[in-house]
Amino acid sequence: MKLQIKNISTAIKDIHIKRLLVIMVLWMIFMGIFRFDKFYTLINFQTMAAQFPEFGLMALGIMLCMISGGIDLSVVGVANFVAIASGQLLKIIAGGAGELNGFEILLVMLFGMAIGLAAGFFNGILVSKVKIPPILATLGSYELFRGIAIILTGGKAVSGLPIKYAETIAGKLFGLIPVQLLFFAAVVLILSYLLNRTTYGIKLYMLGTNATAAMFSGHRTERVLIQTYALSGICAALGGLIMLANYNSARADYGAVYTLQCVLIVVLGGVNPMGGKGRISGTVLAICVLQMLSSGINRFPEISSFYIPLFWGGVLLLVMVLNYYRENKQSQGGHKKAVISKYRIWVRKSG
Amino acid sequence: MAQSVLKVVDIKKSFAGVQALKGVSLEIKAGEIHCLAGENGSGKSTLIKIISGVYTPDEGQIIFGDKVYSKITPIEAIRNGIQVIYQDFSIFPNLSVMENLAFNEELANKRKLVNRKRMKKIAQEALAKINFDVDLNAKVGSLSVASKQLIAICRALMLNARLIIMDEPTTALTRKEVNALFNIILDLKKQGIATLFVSHKLDEVFEISERFTILRNGEKAAEGFTSELDNKKFTYYMTGREFEDKPFVPTNVSEDPVLSVENLSMNGFYENVNFSLHRGEILGITGLLGSGRTELALSLFGIMQADTGTIKIDGEPVKLDSPETAINHGIGYVPEDRLTEGLFLPQSIGDNIIVSELDKLSSRLGIIDRDKKKEEIRQWVDKLSIATPNPDNACSTLSGGNQQRVVLAKWLSRDLKVLVLNGPTMGVDIGSKHDIHQILRRLAEQGLGIIIISDDIPEILTNCSKILIMRNGRISAALTPDEADTQVLARYMM
Amino acid sequence: MNRIMKNLMQRNEFYISIAIVALSIAIQLRSGQFFTSNNIVDLLSALIVPGLFALGAFMVIVSGGVDVSFPALASLSMYATTRILVDTNYQGGILLPIVMSLCFGAILGAVNGVLIATFKLPPLIVTLGTSSVFKGIMQGVLNAVQITVIPPGMSSFGTAALFIATNPQSGLTSRMPVAFLALVIVLLIVYFVLQHTMYGRGLYAIGGNEVSAYRAGFNVWLIKFLLYVGVGMISSLAGLIRVCMMTQAHPTNMLGMEMMVIAGVVLGGTAITGGSGTLTGCMLGTILLVMVENSLILLGVPTFWQGFFLGVFIIVGMGISALQVSRAIKARGALTRRVQQ
C-alpha cells in the first residue's frame, strides 16, 4: 500500500514533464517529416533561442509566485516599465553621438534590474503586509506600472536607441550562441539552485503548501513572500531588458499577450496553481515546447500564427481535464485530502 | 420496546480495495440517545455518510421503519427523517440567519422565487422549536460558534427529523454551551427525536448517551448500555489493547526555573498569569474553551503578544514577538490542529522534520548541507520510530500517530529548552496517544521543560507533575496531581 | 442614527460614493464641465459596455469564481455575428443580431460552465485557457480583420438616441444611446435574479460555502453551469452593443478590459473570495473607474496619466478593503478565527 502511494507520488511529480517531452518529441518528428529543411537549421534554432528568453524569464517569475500560492500578473507591466526607463537612460548616457561602452551597458542593466526589484518588492508588500489577494494586487500594480510607463513616454515608443545595446544583448557569443539565451540559462541555474539547495527554496515550497504551518514553524512568511515577488520582479526586468534589445525599442503595450501565455506555460509545466508544487525543469520544458510549436507553425505559411493561442489554450484545458480524471481515480476514499484542500481554500480566503 | 427509527444491517463498503466497513449493523430507537464511538479510521464517518446517503454501501441494508433500502440518496435520507449536523455546521456565514434556516425547506419544496415573508415565518418557527432567540437578519458569520450550532440544530429539526446525527458536536463549545446542548438533546428526546452522537470523548459518552456502539477497524467492537461501560472497557473496545497509566513522577528537575511567567496579561484574553516551569517538569494547563489557555500558549510562542508582564527564560527576561524569536530562545510549539497548523502534508516527511531547523543545516548564505540534512532526518525517523519505508514520501502517507511524531521530531531536533504542546493527542488514536505520552515523559527526564495544554483531563492527570487551571482568563488553581481528580478539576474550570 | 452611521462607515459603497462625489466636484471646480448635461450623458454612454461586463463579472465573483475570458468571449461572439450578417448581406433590424449573439454567448459560456462546474477546475486558469482558445478561433479560424461596414440595422441601433443633451454654453451635444436601455434591463434582470430567486440566493450560498450549498439541496452543478452560460450571454450582448455603437467591428480592441472591469467590481466591495457584495457597489465601482478613464481629461490631466490613476485607484481601493478584513479577523481573535471554518 505504502509503496504504491510512493510510486504514484513520483509519477505525479513527473507526469507533466513526461507529457511535455512526448509533445516535444512528437512535434520534432512531425517537423522532421514535413519541414525538415526549414525547421532543422542552425538559424532557426538560434532564432528560437533568441526569442523565448524574453517571455521565458517572465514565466519563471510567475512560477516562483505560483509556488508560493500566489500569482504575479504584473510581469509584463514591470518588463515594459523597465524597458522604457532603461531605454531612456541609454539614450541619455549615449548622448547625441550614440556611443556606448560595455560598462555603461552593464550599468543600465543594473538600473533596470533595480527597478524590477523595487516593483517586485512593492508587489510583495501588497501581498504580504497589506494582504491583498495576489491576483488583484498584481492586477492593480500591472495597471500602475503600465501607467507609469505611459507617463514616461507620453504614450509613444522609445526608439532611436544606441545600436550598441541591441548589438550586445541581441548578439551572439562566438557568433553562435544568442546572448539572450545565456541570460535565460543563468537565471534558470540560479533559480534552480535557490529552489533546490537553499533554505529559501524549502521555505517557499512550505509556504505554498501551508502558510499557517509555515508560520508555526518559525518561518518569516511575510519575508519569504516579499523575496519571492522581488525575484519575480527581477526576472521580469531582465525579460524587459531583452525585449528592449530584441525590438530595439520599447513601448508600454509591448508583449500584452505574454501575461496569459506565461500563466499557461507555468501551469502546463506542472506548477500547482494552489501552490506548493512545481519544478523549474517543467517550466523550462514548457517554455521550449511553446517556442518550438510557434516557430514550427510559422514554417507553414498557409496556417495563421493566430492558431497558436487556440492550440495552446486547448492543450492547457485538455491537460487539466486529464488531471481531473487522474486525480479522481486516485483519491477515491481520499476524504482527508478533500478536507485539507477545503481548509487550504479557507486559509487563502482569510488571507 | 420503542420502535426503531433506523436500522442498518451488515453494511459493507470499500474504497479502492480498502475495506472501510466490514459488515456493521446498528439500530436506533425512537427518542434514543445513542453514542457512536471509534478511533480515526474505524469507519464511523463512513457509516454516517452511508446513513445520510452520501456514500452508497457495497452490501447491506438500510431500514427506516418498514422501508428497506439497499442504497439511498441524500434526499431519501432526509425524507425518512435523517438529519446530519456536520462539524462545520454546513452554514453560510455570508447570509442571514433567516436564509440559513429557510433554504432547506424552500429547496425541498422546489420553490423558485424568494418570498421573504414566508422565509421569515419558516425561520421563526424553526427557532421556536428550541426556544432560541436570535436576530433573523444577522449574518451567521458574525455569531458565536454555539449559536451557529443551534442554528444548524433548528434547521435539522424543521424537516420533521426523527434522527439527528451530530458529528463531534462539542469540539468547539465551552462547557456551559455543552450543557445547553445536552439539555436540548434531552428535550428532543421528549419529543421522540433520537440523537446519534458521534464522539471520542469519554466523559461525554458517559454523560449523555443511553446506549453506545463502538467501531474498530470497520467492525463493531461492542454495543450496549452506557451504564455498563467503564473507562477501561471503553479504551479496550476502542483500541483492542489495554494500557496501564502510571502517573508521571519527575526525576530530573532543575533547580532554577527554565521558564517563568510573571504577571502576564493580555487584554480580553487572560490576565495576571504567573507560573514557573523547571527543566524535567511536565506542566499541565487546562481550562474550558475560551478560558484563555490557547492565547496564553500562543503568547509563549510569540504569535500573540501579551500587553503587560514578563516572560523569563533561564532567568533572563525575553521579548517574544514572533515565532522566530521564540524558537531562537529555545521554545517550541506543537499546535492544536496538526493537519492545518503543524504539517505540510503533501511535502516529504524529511522536509517536515527539518523545517524548523533550516538554519542549523545550512551555511550562513542559506545553502543547505545535504549530507547533514539526510543524516538529521534519518536520525529522527529512527529515534521516534516513525513508520515509513522512505522519508522522501509525502507526509500524508503516514497515519495520525506517526504524523504527530513528525511534528514532535520537528521540534526536538531544535534542542529546545521548553516545548509547549497544545492538545498533543487530539484526534490521535489511543495507542499512539500512549506512545506519545511515553515520548514526552522520556523527554522530560532528559531535561526538557514541557507544557501540555489540554482539555483531556485524564491526560493531564496522569502525565503532568503540576496542573494549572484557567477560568475566564485567570489561573483559578494550581494543583499537583495527587491533590486533583476529575471532579476537583471540573470544579475549578466552571 | 448612530448605528446607521456606523453601518454606513463599514460599507465600501459609502467610500466609493464619497470618492465619486469628490472626483466629480474636483472636475467640476477645475473645468466647470462635469455637471453639464452632455458630459453626464457621455459618461453614461461610456458606462454601457463596462457596466454590462461588470454585471457578469460580479455574479461570477459572488459565486466564488473569477472570469477573465469575457472580453475574448464577447469579441469572438460579436465578430462571428457581424461576419455572418455582413456576408449574408443582412438588411433587417437589430433583433436577429441580438438573438444570434446571445446564442453564441450561451454556447461559449457553456464551455466555461462545463469546465468549471463538471470538472471542478479553478475558474481563473480555465477562463485564461478559454480566453486563449476564443482568441485563437477568432483570429485563426475566422481570420478576423476589422469590419468597417456593419449591417444597417446594427448601426442604426447603435446610433439611435433616446434623447440628445446639449451643453448650453459650449453648444456641444451628446446622444444618449438607446443601447443604454440594454444596461438598465440587464441590471434589473440581474437584480431580480440575485435578490428574488432561489437561483440567485444559491449563487451567494455557493460563494459562501459550496459544500453547505450542496448539502442544503442546491443543485450546485446547474447553478454554476447556468451562471457561466448567463455571463456568456451578457458579455456577448455587451460585445454586440459595442460594435453597434462604434459602427464597426474591431476584433481585438475589447481584449484587456477584464482587468479594469474586475477591479471596478472589487472596488465596489465585492469580496474576491465570493459570497458577498452588492449590485450597488458593483455599479458604483464601475462608474468610478469609467469616470477615471473618461473624465480625467477634464481635470487637465493628460490622457496618458489614466493608466496610472487606474492602478492607484485599484490598489488603494483593494488595500483598504483588505486591511479592513484583516483588522476584523484580528479583533475576533485567533481562536474564533480557527473555529470559524
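As written, the chains take the letters A, B and C, and residue 1 is the first residue of each chain.
In this text, a contact is a pair of C-beta atoms (placed from the backbone, for glycine too) under 8 Å apart; a residue touches a chain by one contact, two chains touch by 3 or more.
The structure displayed is predicted, hence computed values, not measured ones.
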{"item": "Winner on C-beta contact pairs when B-C is weighed against A-C", "value": "A-C"}
{"item": "Taking each chain's C-alpha mean as its centre, the one farthest from chain C", "value": "B"}
{"item": "Computed distance of Cα centres, chain C from chain B, in Å", "value": "45"}
{"item": "Whole-Å gap between the CA centroids of chain A and chain C", "value": "29"}
{"item": "Numbers and ranges of chain C residues touching at least 2 other chains", "value": "211, 341"}
{"item": "Contacts with 2+ other chains: residues of chain A", "value": "343"}
{"item": "Chain B residues counted as touching two or more neighbouring chains", "value": "303, 340"}
{"item": "Chain C - residues contacting chain A, complex", "value": "66, 115, 119-122, 124-126, 128-133, 135-141, 143, 211, 255-256, 259-260, 262-263, 266, 272-273, 302-312, 314-315, 318-319, 322-323, 325-326, 329, 337, 341"}
{"item": "Chain B to chain C touching residues, read off their complex", "value": "74-75, 86, 88, 90-95, 99, 103-104, 106-108, 111-114, 141, 144-145, 172, 268-269, 289-290, 294-295, 298, 303-304, 336-337, 340"}
{"item": "Chain B residues touching chain A - in the complex, by the definition given at the top", "value": "15-16, 18, 20, 45, 301, 303, 322-324, 326-327, 333, 335, 339-347, 351, 354-356, 358-359, 362, 365-368, 370, 388-390, 393-394, 396-397, 410"}
{"item": "Residue ranges of chain A touching chain B (in the complex, touch as defined)", "value": "1-3, 5-6, 9, 197-200, 202-203, 205-206, 209-210, 212-220, 276-277, 332-333, 335-337, 339-340, 343, 347"}
{"item": "Complex contacts: residues of chain A adjacent to chain C", "value": "71, 126, 130-133, 135-137, 139-148, 150-151, 153-155, 252, 256, 260-261, 263-264, 267, 273-274, 304, 306-314, 316-317, 320-321, 324, 342-343, 346, 348-351"}
